[in-house]
Each structure stands twice: as C-alpha cells, then as structure tokens.
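Encoded as structure tokens, the structure appears first; notes follow it.
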C-alpha cells in the first residue's frame, strides 16, 4: 500500500489536489529524515500524519511550509510548483502552519501576536505612512480569533507570562488568523489540559466543516486521531508506509508494531 | 489632530509628557532664554542628536539590529554639505546638491551593507559595520586633498547664515538675531519635522513588523513577512535620516572633520543616549539626547567646582578633576544600564509592557 | 578690571600628556615673569583654561565662547593642528589675538593665516630646516613618517628644506606607514632595500609624532647596510628608550639641558623641584607662549587688539630657548633649534642627550608662505 | 546532602513517610501572585500525580520546589530539611532531578554530552545507560547527534533520560508524555514503574489522564494556584463525577 | 555506540592550510628570500602576540556569550601592573643575562595576571552580571567599564606615557644571512604556542567546556542539574582577563611605551581576529591572528597604501567564504 492514494479519501475527491508533494526528500548529513514522500491533499479533507518519534513528520511539514529546503523532490500548490519559494512567499501563497514547539513573539502582547498574522494576511506590512491603530478592521479580526481560542481575557499580557497550554492555543489562533488555504497543525493539543483539548478540536472541526480548507494534522493522541481523521498517512523512518482509511491504516501491522507498540517497539 | 501628529503614540505618563514639553519649548525658545555662544551651540547639538539617535533607535530598539555604521552615514551627510560649500561659492543650490549627492551615496552604501548582512549572523553584522565604518574613517582622513585629512575642512556658509548678518537692527530679549540664530531655527524646525516622520514610521504597520522581527525573526518570516526586505528598508531609512542630521551638523558648525563626524566616540554617545533614554521608544531619544548633551557640556564646570571644594582630599580631588570627566561618563554608562534597564522613559512609563 | 587670557588645550584624549605640559609651562611662565604676583600693568591676570579634547569643533566653540562670553583679551592654543586650524577664522570673526602653541602645521602661518594669528611654537618647516642643516654632506636619504596630513606635510617640508639648505644629499625613498602601524618590519625592509646600494653616507630620517619607531628600526641593525638613523627629537619618556643607541644624531626643538639662560635655569630647577622631573618639550613651549603674552601686554600697555598687533609684529621676547621674535610677515616666532647626539654614559634616567650644536635662527630660513 | 538521621527522631519518622511536603507555599512572579498557598505532600517511594487545567500553577509549583522561583512564603520540606531557602544547585544535590516542561535540552551539545552533564558523579554507568536505551532506543541511535537537531519527541526523551541517568531520591517530571508516540509512552510507563521499584519517588505533572490513572498512587488537583483536591488515584479513577468536577473531563470522549 | 548512517561530522581542516598557503604564495611576489623570511617570521610572532591578547576575548565570548568591549582595559591594566614589578627591578633587567631577565619578566607576568584576574572577577560581579544574554547591553556596559578603567589608570599611574624598556638580553635581533629576527619575537612565539595548547586541551579534554557551553544556553537547567554555574562563569571570566593581562605585558614590552589608551587601540584589531576565527573558537582565533599579522606585513611591504585596510579586507574575504568565521562556534573542537 505504498502509494499516494487518491481513491480512498472519504470526502468525495475534488478533481485537483490543493497540495501535493512528489518524491520529497531531505537528508541531514548521512541521515535521511524524509525519504521520497509523494502525497496529494484535497480541499475539505483532514489528513492526519502519524508515525513514531523521529519519523519525519515535522520535517515533512517544514519541507512543505518552506522552513527547510528539500534535497530533492517537489512541492506544488494548486498545480503551481513552489519548491523554490521561501517560507514567507509560501505563507503568502496560502500555506499556514502551527509549530510543534511553541514559537511566538515572547515580549509582544497576545493581541499583537495575532494582529501581526492578520496584518500579514491583509498584506499591508510595507505601509509606512498609515497608523497601525487606524486599521480598525484588522484589530477586530484579531480579537475575533482570540475569542475563538478563548484567550480574549489575556489580550494585553505579554506572551512569556502565558502558561504552556495558553501558548499552544495562541499558536492555533495565529494559524487561523493567517486564513491560509492549507492548514498544518503539529501536535496542537500537546500539553493542553483535558478540558481545553476539546476547544481546539472543535475549532479544527469548524474549519473542516467549511469544506474548502486543506488540513494536515500531526497527532499522537489516538482518540483525537479517530475523532478527526478522514485519512491517515503513516511515516516511518522518513518513508511513507501507509496511506488511506483511518480504520484500515490503524489496523495495519506496521502501525500496530512500530507506532502503537503492541509488542515491543524495536527501532524508532 | 494632535494625536495624528504624534501618530497616536502618546507619552502615556504625566512626568514624561512634562519633560517632553519642557524640552520642546526649551529648544524652541533657546536663543532668547539664554545668552552666549555655548548655550545656543548646546541647543542645536541637542536637536541634531535627537534625530541622529532616534533614527538609530529605529534600527536598534525597533528592529534589533546593532549597527556601528551610523556615524558613517552621519559623516557622509556632513561631508556632502562641507565639500559642496568649500568647493563652490557658498549658496543654497550648492547645499542642496551636496545633500542630494550625500543621500544617494548613503542609500547605495546602506543597501550594500544591508544585503551583505543577510549572509552573516546578527552579531557578525555589527562587527562588519564596525569594520566598514572604521575603514571609511581611514579613507576620509587619507584623501586629505579632498577632505582635509584629520584636520577636516572649515568652510563658509551663505551670507544670511553667518554671524556677520543681522536680521534686525537691535537685539531681541538681549540676543542679536544674527545668522547663527537663523541657522538655529532652520535646524530646529527640520529636526521637528524629521522626528514626527520617524514617529509615524514606527507606528505604521511597517514599524510593527520591525518589532516582530526583533522579537522572533524566524516566526516573522513564517508569518509571511520577507524579513530581509524589512531589515534592509529599515537600514536605508535610518541611514538617510542620519545623513540628514549630519548635513545639519555641518551647516551648524561650518566645519567637517573625522573626529567630529566619523569617530567611534560619536557612535558610543549615540548608543549611550539610546540606552539612557530607553530603547524602542523615540521619546527616549529626546530625553536622552537632552540630558546627555547638557551633561557633556556642563559636567566639567560642575566638576571643576567639585574638585576645588575637595582640594584637601588629594585622591578625591584627583577623581573629581575636570580632566577626569570621562571617568564619570563611563560611570554614567554603567549606572544607566544598571538602573534604567528600560531607560528613563521605560522607568517613567513603569515596566516595559507593550500594547 | 582683570586681564583675561584663555588657554585652550587638548586636555582629554590622545594628546592629554602634551596638553598637561603646555599648561604647566604656561602657568610657570606667568609665575616667573610676574614674579609670582600674576599681574601686568598693575592689573590682575586671570587665566581661563579650556579643554577642546583635540576636537576641531570643540576648539571653535570654546574659542568663540572665550572671546564672546568670557570676554578674554588674548587666547592661546591649541595642542592639535586640526583644532588650531579650525580656530583661526574665529579669531578673525571676533577680531582678537590668538597665539598658537604648540600646533605645528605650516598652514597656520601659511595660507590659512590671518592677521590676528601669532605662533610661538615652531612649525614643520623649521623642524625640517633644522634637520636639513645637519646634512650638508652628500649621500642618500630616506624618510619614514606616518601616513597622514602631518606626516606628508613634514616630508614635503623636509625635502624643500634640503634644497633650501643647499644639501647635496639625494632623497632616494619616502616611506609612509599607517598612523596605527604596530609592526615596522615591512616598512623597514622597504627602506633598507631602497637605501642598500645607494651612495654613502646613507641616512634614514624618522619624522614621527607620538611613540617613535626608532627602536624597532635600530633593532634590525640598519648599520648592516651602512644606514644611519636620524630621529626627530621627541618628548623625554620616548627618548629615554633610546639609550641603547648611543651616538645616534638628530635635531630637537628643546632639551632642558641645552639652553643656557636665567629663564631656563629657573624653569629646570623649579620644575624638577615640583614634579621630580626636568621640563619637557611642551613645557618650554607653554613657557614661551606665556612670555610672548606678558611681553606684549607690558610693552603695549593696553589690551587693545590693534595696539597689541603693532607691538607684537617684530617683537623680541625671552624664552627658555633664548630669544625669539615674531617676524612681521607671517607672525611666526623665529627661534633656534638643537642638533643632538644620544649620550653614551648616561648619569641618570633624565640624562639622555648631548648637544652637538645649537642651530641659530639665522640658519633656519623659514620661507614666508602666507600670501600677503 | 542532609540525611534524615541528623533530624530529631520525630522528624525522622515523619520524613520516613513524607519525602516532600509543601506547606502554604506562595510564589510571586514579578507583580503576579501565582501560587497562593499550596499544600502538597509526596510519600516516600510513591508516585504522586499533579493534575489541573492550563495555568493552574503546576509548573510553577515544580519550579518553586526546584528553587527556580523563590517561594515568598511557606515551607518546602524535603527529606526532613527545609529547602525553600536553598539555591537551585543545592536542591539538586539534595537528590532531586527535574524534567522541565520546556525540556530545556542543550541543543549545542550532543545527546551523549547532555547525559554526560546530567551524570554529576563523573562517568556514566554503562548498564544503567543500556537500561535507559531499553526504553528509548532513539537515544542510542542518535548518541553523537547534536540534540538541537532531534525531533520534538526525541528531545523529550533526552530530557527524561537526563533525570534517570543517575539514581535520585525524587524526580519532578513536567508533562513527559507530550509529543511522545504511544509506543514510547508505554515504555515510559514501564520506566516509571521500575524507578518506583528501585524506590525513587516521583512527582508527576500530567494532562494525559489515561497515562497516569493506572500509574499514580496519590493525586492532587490544582486550580488557580491552590491544591483543590488530594486523595488516592484509585478513588479518582473510579469516580467519574469527581473527574468531571475537577478536570472537566468525561471519559466518554477520552478512554 | 556510533551509528553507521550518522557519521559524527569530520574535522574541518581547510582553515589550517590558509597560513602556509598564504606564506608560500607571497614568496614569489616578494622575490628576495631573506626579506620574505624576515617578514614571515616577524608576522608569525606578531600574530602570536595578537592571539594572546584575543584569546581571552574569544574564550569569554565562546563559553559565556559575553561580548566584552572592555577587554582592552585588561590589556592596558596588565601592562601597567607589570611596570610595578619591572620599574623597581630595573637593575635586574639591565644585567645582560637572559635568565635573570626572564626571571624578572616571569615575575612581572604572574603579577600582572594576578591583578587582571582579580579585576576581571570584580568586573564580572559589578558589570557583566546584570547583562548576561543581552549583547547590546553588554557592549554598552563594558564600554563604560573600559572608559572607567582607562581613566582610573590615568589617576593611579598618571597620564604621561610610561617608558618600559626591553631587557638588554632581549634587545636586537638574530641574523640568518640577511634575514633579521628580533629576539623578543621568539619569546612571543613560545608563549603563544603554550597558551594555545593549554586552552585547547582544557576546553576539549575536560567537562568544563561542555558545562559552560550548556550554561550559556540554559543556565537554569545547568543549575537544576546541580552545578554552580555562577562560580564557573566568574572563574572563566577571571581566566579570560588574566590572559588579556598576559597579552598586555607582552604588548607593552613590545611597544616599550605605555599609554592608558593602549588597550582600546588594539581593540578593533582584536575584534577582527576574533571574528575571523569565528567568535568563540580558540583554534580559529589562533589562525585568524596569524593570518592578520602576515597579511599586514606582506601588504606593508608590497602595497603600503593597502596596509591601512588590509585587516578589514581580510575579514570581508573570510566572511564571504565562511559567513560565521573560520570555525563557527557551537561545534566542538575549539
């Protein structure tokens, strides 16, 4: 089942994939972190990427969003080859991602963190003569996203004063604020308390319900995976080893073995 | 209206507002509330340094770029005017041309440095600027036929700017309104305009991105801002303003020379003022510059009295001897970093909480 | 009311030591001349000391302040040529006298000169001529100097001087090393290569302000190539280091042991008493400036600028170096210089030079360079 | 290193049941008053779990114990000695190891060097190392790799391994399972069990209830900088209403 | 326990060849062999002195991430401190016996290093402590420290230049044919090599280096592992200062006249060396210093005009080749 399957996606496949990677690879020194991964992703579908620690999930994200440059292979967005684009250009082209290890503007206020995302979306960054505060609609948009992740109450606090969980939520808010076509979540609920997790999951559900966004999600929590996934991709030692229906994939030997670790987890 | 003028970036502290108003009116009325050459000289220097420092803060406080090349641009502006005036017959046209040429050179250099900086880490960037600046200074003193070498050039300015020229017959508030005073008001008003412009820049969406870059460049890039472009732009803006400040300085002093325009001392003064005043807030530049320049001009007189009072304690007298004023400058350096980690403005505003 | 005199010097920064000497000399000078009363024409003399940090803009501002705010009658200064040059126009603006001491740049009494400027210190040309006067014989000469305005000025003067002094020596090489040069191996090699096979006697003249590279060159044994060094005189702390090169000859502006006159005797005795060291180069300079001021004031019996100028033009006055006089044309004080030799057996740490010959002013025909 | 023997007999017996006890601990961070009187008690040889929603103050509590924030009030008894006033190094040397929430691995250093530093008493004991590799094979594989280049989960493993490399009296672990794959979570569970067996006491902050529910002995729940519930894990695990009440957690969505 | 597909990165040797290549490349240009020899040996020796002065700076930066613009002050203080031993013992220096002279020098060096070490300790306490991890503030506050130190020197030792004559036995030069090699420079070479080896071993063969690098990245965590990082930092800083002190003595004896500003004068040069080396790498610093001194000499001989900017040109060239300097920090192998 080593394929980039289009057949087995549960939502009716839109003819053209919004995002696709062809033989995408990267190696660090001798170590191949992502190896010839080819996959297509479709609007309105939510794909969960699972795999052992160090399988290459985050690196795969980095290759798509441009934080890393592929050693070989290509990434294309709505049919356009964006392999040569830098991170910023890809973001503006519509690829948004939230980071696994929280990565924010520590000394700016929670509000400003989100506002900057909105501003980038609005593309007025180079405007020197207007006042940032005169762009009321942007501020309102930012406030709206803060409410959606239930952070409105911390609006004016600096980010370093947030607890870990709150930072995770802010990470998500920023991604939403970018309003990208492609949304990539890297373990959004890691370290989030059990009562907060649903907040984020519902958010993702809502976005998914809009049916026009392409969502990629890296997650280790099986319950989360089950409740969200239309489709599951399994990475193992950088190679794509399974791709398809959640049920079938989760049942497959390799996943049981290497990932869920029924029996002893041999290699990693 | 007023809000708009200040780009909605109000002092947000009674004390601070008071100080700013004091400085503003003090400078506006300087020629008539003081007498003699030195006070006027001090006032003019303050005006010019406010711009010089504020423009540097755009790099340092807002974008988080540590550059040592700021004096270089200051110098280019100054030499632009100086060379123009010393070459041709002093006239406004000549000045304008001089400034324009200087600005062109400035942008070219700023772009070059900026683009070079993309290849190297932040800290290396500051070291490179240091190197470039110092070699530029060397160059300036080497081309002695053109620049007058270490000695620099003393030049003439248009008639109405010379002390000889008198606007009115009789004195006003005990000050003859001569070319010096006219020059002062030219300097003053240009500085006000430039400052307001800077305020606008840092409070524009652009300015906000700069702060984001300072905080976390990687993330700013990930948000879709081409940080390179922003840094280079900030670089050029700051350089241009510095050059303008330099032009004004030359016009005021009727002299240009490496010690005054290009030396590392000027750079350290700028840095110190930024820190005393408070990084990342332009008002810091105003307060800092005012305090510092005044101190620099009058500290020694104070110390002279101090050491006279202490004659019978040799060591103390030694330490407070006016020739040791640099010692106290150094102490100032240290204390200001100690006690005003966020600068005077930061202190006055209480904490560095951002909006 | 009092007679006010401003003394401007680079009291902080690189030139601080020089400025200190000038100040000491100037004050001691007044003390000696007024017999400690600090009075002239029955008026008290008030000296206002200002520090221009060797910065031209400061120099300007301070001089303007002195004339304008402090209302001084005469100003004296300053240490750095750059600063001095910047001051000249100010004196003209305020129509007040400025006595330049100890800046040496030729331009001060040259094309940048104006009628309010007098100079007690010697200028580069005088140095050069003095040096030249010791090189009557033929042979080959190379110069080493620092690569800046001062250095180039000096070498230009030196070459001019050679011709004026009618020396048959031929200049075969000019080496300009960066001001901040620390390693003189390379310049030395270039000079040696240039001089090596040229006709004897081979002379290397070193003109260097600040710590002189003399030792570094001597350590490379130029005598291997039959090259002799001729260092320009320097301040005592520097010349102390030359003891290992006894016999080396050069010319100098002042050395405490050379002049024989009452004024100098008093200066040396008094200075040694107060500072545990004999007076130096710039101390004498300061003293001379003081003498110029005092003599002018007492002769003119007034502080009126025009009166002073007429008095001072051609005025002769005593200094620790003997008589000087301001020649009418460019107000440069003509003075004698000294041809020295480094002593072999030095009795104490300050016993460094021995006199070969005093070069009288008459042997130093300084050309008049101010187009007047 | 103080040992209970030096204490009064009473103190000794007390220290015998309680390895760590916080009494009315208050912690301020800047102008914020974060911990507002935390009482917490960790029995010797047990595994105590600290639960609570985001921002409850769990991390702050651990940092306070570690001396990384200074308690402005209250006492922290460890092994019969009040460590509230001690400096962080002394606290560590008293026998406490810490796995911070941020992992705080040294990214410039290799995995090997990271562990090498954690082994305070010089060289690393090889079989203990092998024992750790047993749980986290990745570490063995990336032994000479700069830790900064590791994956999120791998970094987490390094952080945990650092605390296990030498025997310590008490382990403070802040959300170890975040970012770990199920397989590794299982071996982590094993690891904790074995540590307990070799009477290491553990104070574990965790969000993943399924992970702790059959691991913990006692449990404490925090909210708004206070401990709002203490008891045995059993009781909480069996009582869904209690879970609902304390954690806002319904097993329906999370089994 | 190495893993086949993860080779631990190979030692980076390229920079090691720069010095010999440069030297040999110059031979034909210079032509005369004796001249070349003189220039090269002189350059190497000068490089050693520069290295000694820079080593402390790169150490403090590499290990503690502290940018000490005040480093020059320690150089100056070192030199001045040495005079307190050398001037009283003048008599001994004028005796023309190598061993007696060296003995006295050794004494002076020890004293100077002691003084600078103590000063460094105080400096760290008063000036560096509040600004760990904030480069800008470090630059400022250490500049302040520099100014203060220079002024204090002025107060204690006076502003006049202090002559510091070389001992007789170290004067002059040795001659190999027409090539002249100053004796003093040979001493510099020896000292330089000793310092380099000592630092290299300590940093790469002991836990110390690791500990401090970890401490810079996350001091809290190192403390949480039970190490007293503060003490360590102070020790390192004192060591760095002592090295500067040593450099100061060497430099002072070379220049033979001391001025309070002698420290700040060398700062730009020192910084360029440290950058070329890759801030924090002792090995890089060593090579950088040699390169710079050689380039200066060759340039000074072939094209004096260019000598003015040769340092900067060199730095630019190196950074274009390796944007983070010869040996980027963070990687092991000082």
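All chains are identified by letter, namely A, B, C, D and E, in their written order; residue positions are counted from 1 within each chain.
By definition in this document, a contact is a pair of C-beta atoms (placed from the backbone, for glycine too) under 8 Å apart; a residue touches a chain by one contact, two chains touch by 3 or more.
This one's a predicted model, so the numbers in the text were calculated from it and none came from an experiment.
Within the contact network of the assembly, the step distance from chain A to chain B comes to 1. The chain with its Cα centre farthest from the Cα centre of chain E is A.
The chain pair with the larger count of C-beta pairs in contact, out of B-E and B-C, is B-E. Note: centroid distance chain A to chain E, computed from Cα atoms, is 49 Å.
In terms of their C-alpha centroids, the spacing between chain C and chain D amounts to 78 Å. Each chain gets one centre point, the mean of its Cα atoms, and the points for chain C and chain E are 37 Å apart.
Rounded to whole angstrom, the centroid-to-centroid distance between chain B and chain D, based on C-alpha atoms, equals 53 Å. Within chain C, the positions touching two or more other chains are listed as 16, 147. Annotation for chain B: residues touching 2 or more other chains are 142, 323, 326. Annotation for chain A: no residues touch 2 or more other chains. Only residues 60, 66, 119-121, 123-124, 126-128, 130-132, 134-135, 138-139, 142, 268, 271-272, 275, 279, 315, 318-319, 323-324, 326-327, 329-334, 337-338, 341 of chain B touch chain E when the two sit together in their complex.
Residue ranges of chain E in contact with chain D, taken from their complex: 1-3, 6, 8, 207, 210-211, 213-214, 217-218, 220-229, 330.
Every residue of chain C that touches chain E in the complex is listed here, in rising order: 14, 16-17, 20, 147, 175-178, 180-183, 185-187, 189-190, 193, 211, 215, 219-221, 224, 235, 237-238, 240-241, 243-244. Those residues of chain D that touch chain A in the complex are listed here as 29-30, 32, 52-56, 59, 101-102, 136-138, 141-142, 149-154, 156-157, 175, 178-184, 186-187, 207-209, 247-249, 253-255. Across the interface of their complex, chain C is touched by residues 35-38, 41, 141-142, 144, 148-152, 154, 163-164, 253, 255, 257, 259-260, 300, 322-323, 325-326 of chain B.
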